[in-house]
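In what follows, chain A forms one complex with chain B and a second complex with chain C.
Moving on, here comes the complex of A and B:
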């Protein structure tokens, strides 16, 4: 990895400042994610009890790279399956009920990989480890199938990343029509950051906030495992780090992230349940605004310095 | 706000090749002309649907029901080609949810099969207003004895603030003409009998008069909404004036609509997600099994905007100076690539149409393990993703910036963008 980056720095096309650092961080993040999901799977195959620590470590590792929605995570619907949320029609729970009570052969690894993305990944695992109602059957076989599937996907992403990373590192290189210039590579990474922050503000906080008259605390992500706020924190830290990789001298961006993280520290509300009260909801709304300001700072400070715009992202539809 | 954007564009223009060929004002005029024609065609085909619905209600039969379904499918052809005008034109974005919302909790409107009206976030998912003239909504007693366009648009649509409560538009009408498709990923579409609209003892599933009233009101409402939008793009209309007033911003609106529809909406939300969920309800026209056409005409609409050319339902052509001309004048390579990508996505979407017409309906393509279906859908997804990259290149080639635009709208400190 390091050797490849060094070679790139010597090549004819100079890499855009910050892009190699960001790519290196992502690569390292995928390695950690692959290792953490492998550990989780090893633990689950040994026992379906006491998985919370390994589950938390693995989910944290995912959140450190979850903002990247280009490259191998997009193959075979991996990113969708790894963390399928939100799921307003409860498609995941429905598919899992069928798996819990159906033919055990459906849990074989090859077949499991073909199942609906809603039934798999961290969201699926959370419903089995922290059920809100009695499950119709012993969940252990499905837990093991799910951790195995997660580790398989993470290993695949990790294995496939270097080839994709090279496309960003060597824009316009032989056979690389995905990214033609260093500006396009930098813009692609910046766009990922911006949309991750948009998703966090609009969905991770916006969904439980609901409306002033009708807050929806039950809609928070990862509520059952008590990780709703932690997911926000991990995304914020990872986004800050990558933003500063792209451009280290970004005082407005740094300050905006520091402010958002300080607000998180004061919340002391792991499941965001406080949105149910007017005062609690207001505090979450202030955090939501702070996250939007961090995104705005990236766009107003880092983007023009890099000379790039904002590309299209998965949130552009309705 | 406008001034900042203009300043940003002027800055970039200094470094770019001077523009000789097409003129932005002429390009956005073509865009507005295509919008006027496509919304106009949407209106006339919806009026034809309105007449077919009236005939169905007056004399329910297999043939009047079939004629109404045919009229609905025909109405989708021009409308889907207008979807590219979304995601940037405020007047369209504020309005679109009334006419083409999807997916819907159809149990809000009429009877559904047991256990199919599940939505943990929607208490009204099984309301069945056709069978329920009086009900409570957020603590308020609602009298739905008379089902009118105003009742549908003002009270029922998006009731409780929930988007899945789709009471109006094409898909509500589609549900009333076809009914639920209970064939899963197997062959067959919705199979509502014409007797759902029959009088007296011949009536099936109850409340046929109220069902007919709903269908009529929803169709009348669609026509009314399309009248508004067709007028908005005619001479002196609000949508037309907005893009003509600032042609540079209009160019960005055009490209933003193309890219947003290609990537986040069509490739992502509508196609890849549905495939990865293997869920037949995740097909866009899930009652009628007309999804292949809806996707195809969406793709065609994107190409129309770039090439500045739209073929009307009567076969006549609206065309003029295009984005393509403008991009080609700056960078022929970017223009050639984008044209090639647009042709490729239209071709990939056409392959889905051909397969569907040959018997492999879109919901069958979603079946787990259906390799042919997956290849067809992912072929189109990949083509749409690829063309999005070329659209981004066109944005850069014209010296436009989504940040400058977004910044003019929402950043706290917009001055920082251009310092």
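Moving on, here comes the complex of A and C:
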């Protein structure tokens, strides 16, 4: 009898103590992101010069929440518009060229929000602040339109988050058709982490790595602003923090992230240009593997304690 | 020696009407799933309530319903070694189909309209060359096979004309572990095959040869088809197309803001008179288009995949055991607590 009672008590305790902590971190992250993009916009409206510090702070703030691709960031394609990368067909640059040389009325805030997601956000701003060739017109009006649009989207995400956070915090509640059980809420957050690390390994590092015979350093994200490796670092830190929110006692996960971050420290290669050499590419490949191991550690160590895995159908591939 | 009792029983049986789908509770849908470590096939009513649940020997994928008899053929997940003919009144598996030695089932099949012939999507294991297996649908004996018109066929659908539409995915796979072998030069196609096995028409996608055509839904004059992108994930490509044989296929991209919502992967497709639905378990979305292929709505739900027409909307299933009513306005729960629903919901002919 005592055995049965103990089991019943255990199952009545909240299964996923880490979910509220993770949600609080995300909410705080969106506040910071909204504030940082508002600061960037204020600075840009005052002057289009000297924006790098505010630009960096805002992009860092985004990377701390960029792994979350559920909820208000997915409304109206916001996450895509905030950071449109990779863009192998240069859709963003093409759309921006039209905006730079076209009717200035296209930059009005209401109309700007309707332009291609590829032309907006940090990637668009980077092309204007750190152009790799002479721009066809004064970029300042487009810079201001872009920072304004970024701040608008960030404010929207921040304002909309609490309602969505409640859906995750109170799954199965009245009218909550998004998440039915606490397992689903935990699974949703875990899936975001796994996807973000996969994207960082496969795309942020994989694209410039190219193939052994043909590395493609020019394909690195945020190369023009010298942030390629920094973007990787910020994502790793944010992912580690959220993983440990979900399950604080995860030594393998913690060790895997520590190893990846230590490898980053030793790279000393802000734009990942070293992939052009065999030795440099090998070092980036070792980092790529370390990130994949961090993802694997989350799935092998944290997922089982939450009682969740990746999607049944999502993994099937048929 | 025939006793009187047996004689009477024989007479009674002869007088009985032939079994029909009504005897199985008239399910509206079939869906495979996983419960615990076991695999199952469920018959569902219009609202997604389970009418029967039958065990499967291994993970299922899709099913084909006999047009007249209350019989379903449940197909194994690719590479498939079994297809099980199930009496949906009793749950008894009364035939087990095994592909010829050199072949593997590919998860889908279809009956002819008169129910006389079962056609199965198959590959020659070593080469991934497509085959349509032909089975007598009374004795369930193998009676022959056709070429599918391409590599790696997946879903097949009987057209109202009686011809068979085949989605040849174009991907050659390792027969043991499904490793993809020819992604750089894969060539998917849609093949329309006549009742004698002759190729009547075929469509390829110009410039998008890495978009594997895998799933089909009937629309007026042709099929809507769902695709899975094997090229650069950064390249936004449509997951939906419409083909009316005799014309070029038409691709139907989503809106700008949703261009990556499916992560290049459509898992199932279904159509009503006014809408086409495609699902992505990877992106956790169901997208609705009008019949001209214009995007109408994008709804989100993790691991959503199975989808079938339901009245003027759809019923969709997810890997967490929930079923959803899908309309332009959004998702409404139909049921939850079911098995982890597998890729497809198969609508039974009304």
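Rule of thumb we're sticking to: the second predicted complex is superposed on the first by the 295 of 318 C-alpha atoms of A that agree within 3 Å, B and C clash if a C-alpha of one lies under 4 Å from a C-alpha of the other, contacts with A are read in each partner's own complex, and residues count from 1 in each chain.
Operating definition for what follows: a residue touches a chain if its C-beta (ideal position, glycine included) is under 8 Å from a C-beta of that chain, and two chains touch if they have at least 3 such contacts.
These numbers come from a predicted model, not from an experiment.
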### Query
Who does A:203 touch here: chain B (first), chain C (second), both, or neither?
second
### Query
In the superposed arrangement, which partner chain does A:46 touch: chain B (first), chain C (second), both, or neither?
neither
### Query
Any idea whether chain B or chain C touches more of chain A?
B
### Query
Now for A:137: first (chain B), second (chain C), both, or neither, which partner does it touch?
neither
### Task
Based on the superposed arrangement, let me know which partner A:252 touches: chain B (first), chain C (second), both, or neither?
first
### Message
Output check: A:293 vs chain B and chain C. Expected answer is one of first, second, both, neither. What do you get?
### Response
first
### Task
Please indicate which partner A:159 is in contact with in the superposed arrangement: first for chain B, second for chain C, both, or neither.
neither
### Task
Using the superposition on chain A described above, determine whether A:304 touches chain B (first), chain C (second), both, or neither.
first
### Task
In the overlay, answer first, second, both or neither for which of chain B and chain C A:89 touches.
both
### Message
With the touch criterion stated at the top, can you tell me which chain A residues are shared between the chain B interface and the chain C interface?
### Response
77, 80-81, 88-89, 116-117, 178, 180, 183-184, 187, 311-314, 316-318
### Task
Please name which positions on chain A make contact with chain B in the complex.
77, 80-81, 88-91, 94, 114-118, 178, 180, 183-184, 187, 211, 214, 216, 219, 252, 293, 296, 299-301, 303-304, 309-318
### Query
For chain C, which residues count as touching chain A in their complex?
34, 61, 77-78, 107, 154, 178, 214, 228, 232-235, 255-261, 265, 267, 281-282, 284, 300-305, 318-320, 322, 324, 330-333, 336, 340-343
### Query
Where on chain B does chain A make contact in their complex?
86-87, 97, 118-122, 160-161, 164, 259-266, 268-270, 272-273, 275-279, 368-369, 388-389, 391-393, 395-396, 400-404, 406-407, 410-414, 416-419
### Query
So in the complex, which bits of chain A are touching chain C?
70, 74, 76-77, 80-81, 86-89, 116-117, 177-178, 180-181, 183-184, 187-188, 191, 202-203, 207, 311-314, 316-318
